[in-house]
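Got some structures for you, see below.
Two complexes come next, and they have one chain in common, subunit A, joined by subunit B in the first and subunit C in the second.
The block that comes next holds the complex of A and B.
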């Protein structure tokens, strides 16, 4: 799974078809959290586009705003303390931020669904798995219990849970981590036309072999029902495996956006480069035992200045980096980077 | 061949061992091991049976007076537990009394449970000023001594058995609201609540279908203990003349109306007291036992 080389290039990502229907478009999203110590600007001026049938991955370390971005889409941000300050989230042309609460509720679970990082805690412990999936059918499609339950068994079969009819009667604590994550995915699929699935670090809590199975399952399902996937991860291996396009985030801002090959072949942001350099499978570690990490830590979002947020950890930083946030540099082919010094990047240590 | 048979037998055995117990049978198994809880349950079942079959098992009409036989001591022929100052059969009165006490327990706990759950869940789910407002009212209710609050409510509603039940129910609401609020506060931040919200579950469903079932264990314990407490309180109210009115065979009332005979006919006042004691003890034992089996930390 951590195999970085894509031997058979994905045709989808090689010829990014720009005429493809845009499913979701986020524009200039700003999300802040008002806490006692001040205002945390968790997401700053973020714009995203997800085309139909595409997998977009959001990459970045903990606390850089990945989950907040995802939660903005189906409005799961706790308000207060959170607040979506500005921007728009257009799904099939409708601005989700202007919808009524009931309309959002109808959209969640029918068109936009979500799977979570911790399958151990993301299922309700007092109901059986089948019951929970059936519940989604009953509340959104007004199905009778019996019909919904048999649908739930079908879904458990679809996500490749062995003997689904029996497992449907199991409580979450009776299932293993991988099975629970499959059950979560089944729950997210319990809708007539799943359009967008948001997967918030779906494999982080699982061990490596199960990770591979879950990722395979997700890409299988994606093909089968032609849905789009917003995949949040901090694992570059997962990115290589799954992504069509990649958005790298740092401290709430987008720092680089490109398709998956460009990210691995010609990363243009020092942070992206740092992420790639810290991969254990990077060939430069063939003869050494020590991994290279990005020095320093993520800056406190409360005290962040106007400059580039990566400036304090960046080996390429110059005076201008401290003064102003870099503008977008368009490198062609949909590759954009937000770095003043992107031309100076040394890629000699790059992953093959 | 013989080997094969053994294998088959073994595999069958393994199958049966692997069959997982349902949540109910597991709880029942744990409860059975708890001697105190079983004693409590035994007492309660006896009282419930007495209450259900009162007309069939009581030897006399509980309100029929046989003046000639008044103040007969226990073991008098035809009157196993003797008679009271008006010649009414003590045993029959105690049996009918259990009916009243069980009803009082269930109804008043039902009242406080329903309102306590509603208030607790809504208050902690929405939080903010709704929570603050509701909790301040609860604080005010808690500021009054419990029995005083009950007496005040009965005094307003007028003394009767029904009003006593209502009063006990209302004055116990804060307890349940507090317990439920605390556990909902802990549960509502869980991932599965967020996960269900992401599937488009409405607030109402989240509150009562998703979160509430996860908060019930503390409430079940509270309710079981509450039944005993309610029986005790209603006996107290009846003793003060604010609950059941004569000639109802209510245990507290029986004590009140016969307290002057304690020196010459002890059984008239003592037996209802013992009945109250047993009923309350039963519910307390069961409640403690349920707490033990529902709280994994208390398990061995």
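The block that comes next holds the complex of A and C.
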């Protein structure tokens, strides 16, 4: 591991208050998918910042655009049918959307890496995991095979895979789900200076005891390597464990952004409050037999109007909600909410 | 049907075993056994919700299917209201299946995509010849209404519904024959959290109204904790701990139950710092279970005797049993 630290260029990475430095900045991103039935606006006017060394979680339910956001960053959106309509994604000051294909490919393997939900489908079944990790070193750093393979073993050791030298010779199907996810993480770290790791539902396919191990591993690595983490999840439990800052998304739009304590202590968007109230583990249900569920279902993105997308499920909705998407309301301390009626929210029964 | 609120056992499972035989590929065909459910005994009382929790491969789904005789048993017995399910012939079994039903995990693959919703829900009624076409159609509309769907949707196909709505259709189908015992196999796991809360409320509302008995199988401890009155923890085919919900939440004694409770993500970011680390290692494959207590390679308290023999289930307080040598 020390190796990786040494090779980090002398930027502010050793500086403890490097949180101020912005690593990635997305501005007004709009992504649409042109399908037979019409145009799906998967991400609408999304802006977000990831600071150095920070864990930003994107949380929301299926179809809210959180994976599309991640795929916009390293440009994995299939085009067509997808199209990035407008906006910019600046990574260390360079706009990724203006880069050539070869440039973005170089960046993907070295500075922006990604781990996926289902490691079995993300790994190549016909090569050993050691070969696959070594491949990253060979293609991006022009290493010789022998050196790359021993680097791969080092990384497998770093992600706490027992007997890494033997495991490097295993094929993905010979590993358990948790081990495969560790191998994926090792592959994402195969770079001289991992800057941003995007983790798209990294623990959703795993058992809960394994999930806890992988989350532990990710936090440990983050501290060791000083990388930033963009964590995408639907699970508020994972948010509570991992996040520094949280962006809540609903039907393609950002509805609330705050640091993790603000989100849990004083959620200001009715949807965030509803998400927290939908958790059966919420302490308020200790002596209760019913959950406070959000009624209704997520609207069809094809037929979404201009208003607030949550309007049809929201108990605080008023006439204006149907007419216009709410502007950003700045509540101070980096807490922002997009809700016309955010002042009316009754949080009295929320998590203590 | 006489539904009473007293403490009669609706289901009694004795020493149930379900082994699957697998043959390895290749020249030397080697036969091996997967002990999916291994010597599990329990009873479910009328009107209670028994939650079964465990990780993948612990045998919880196989257990749910075997108690409904959707799988054949290897050994043991399952008594539904005193009647041994595995001793019944086809016709007698058909009469019993009216009362025991199942709700499946995946609302996408458990509904026939070529059939209209009305036909899917009416199917059990037609098989069991419950009334004329008109009566069945009326009952279907009533069932749709009961699970919170518009009866006008009966002419639609499953793909026209969202995941949560499909799960409601699956529930309506399970309710069609007026059952009294329902196995919910990961009934809410495939759903988004806001929809999951709706379905949990629906299941509880229906239980209040019709006094169902549920066997609720899930990997999500929070869901099981919320809905159940009693909880069974399974690990690699065995029942390792069983207790009343409140008792188990306060005292989870088996090292595996403790690990499971600890591994569960915090509900508040402030709990992060105080959390202990969880057990290391992976769940072994059910085909290759460790000898002795199956949990011993991952167990922080393991002693030499744990490798020798599987610990018997013992009652440590009324209604609270644990299978562990050490604690």
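We take it that the second predicted complex is superposed on the first by the 329 of 352 C-alpha atoms of A that agree within 3 Å, B and C clash if a C-alpha of one lies under 4 Å from a C-alpha of the other, contacts with A are read in each partner's own complex, and residues count from 1 in each chain.
Convention: contacts are C-beta pairs under 8 Å (C-beta built on N, C-alpha and C of every residue); 3 or more make two chains touch, one makes a residue touch a chain.
If you're wondering where the values come from, they're calculated on a predicted model, not measured in any experiment.
Enquirer: Would you sort A:61 into first (subunit B), second (subunit C), both or neither based on which partner it touches?
Expert: second
Enquirer: More subunit A residues touched by subunit B or by subunit C?
Expert: With both complexes superposed on chain A, more residues of subunit A are touched by C.
Enquirer: Under the stated touch criterion, which partner chain does A:282 make contact with: subunit B (first), subunit C (second), both, or neither?
Expert: A:282: touches subunit C, not subunit B.
Enquirer: Looking at A:76, would you say it contacts subunit B, subunit C, both, or neither? Reply first, second, both or neither.
Expert: After superposing on A, A:76 lies in contact with subunit B but is clear of subunit C.
Enquirer: Output check: A:184 vs subunit B and subunit C. Expected answer is one of first, second, both, neither. What do you get?
Expert: first
Enquirer: Touch test for A:292: subunit B only (first), subunit C only (second), both, or neither?
Expert: Second partner only, subunit C.
Enquirer: Hey, which residues of subunit C end up touching subunit A in the complex?
Expert: The contact residues of subunit C facing subunit A are 55-56, 162, 164-165, 192-198, 200-201, 204, 219-223, 225-227, 259-260, 262-272, 277-280, 282-283.
Enquirer: Please give the residue numbers of subunit A that touch subunit C in the complex, ascending.
Expert: Going by the criterion above, the answer is residues 61-62, 176, 178-179, 207-213, 215-216, 234-241, 243, 260-261, 264, 274-275, 277-283, 285, 289-295, 297-298, 351.
Enquirer: Per the contact definition, I'd like the list of subunit A residues that touch subunit B in the complex.
Expert: Those in contact with subunit B are residues 74, 76, 102, 104-110, 113-116, 118, 121-127, 135-136, 139-140, 171, 174, 184, 187-188, 190, 198.
Enquirer: Which residues, counting only subunit B, touch subunit A once they are in their complex?
Expert: Residues 20, 23, 190-192, 194-202, 205, 209-210, 213-214.
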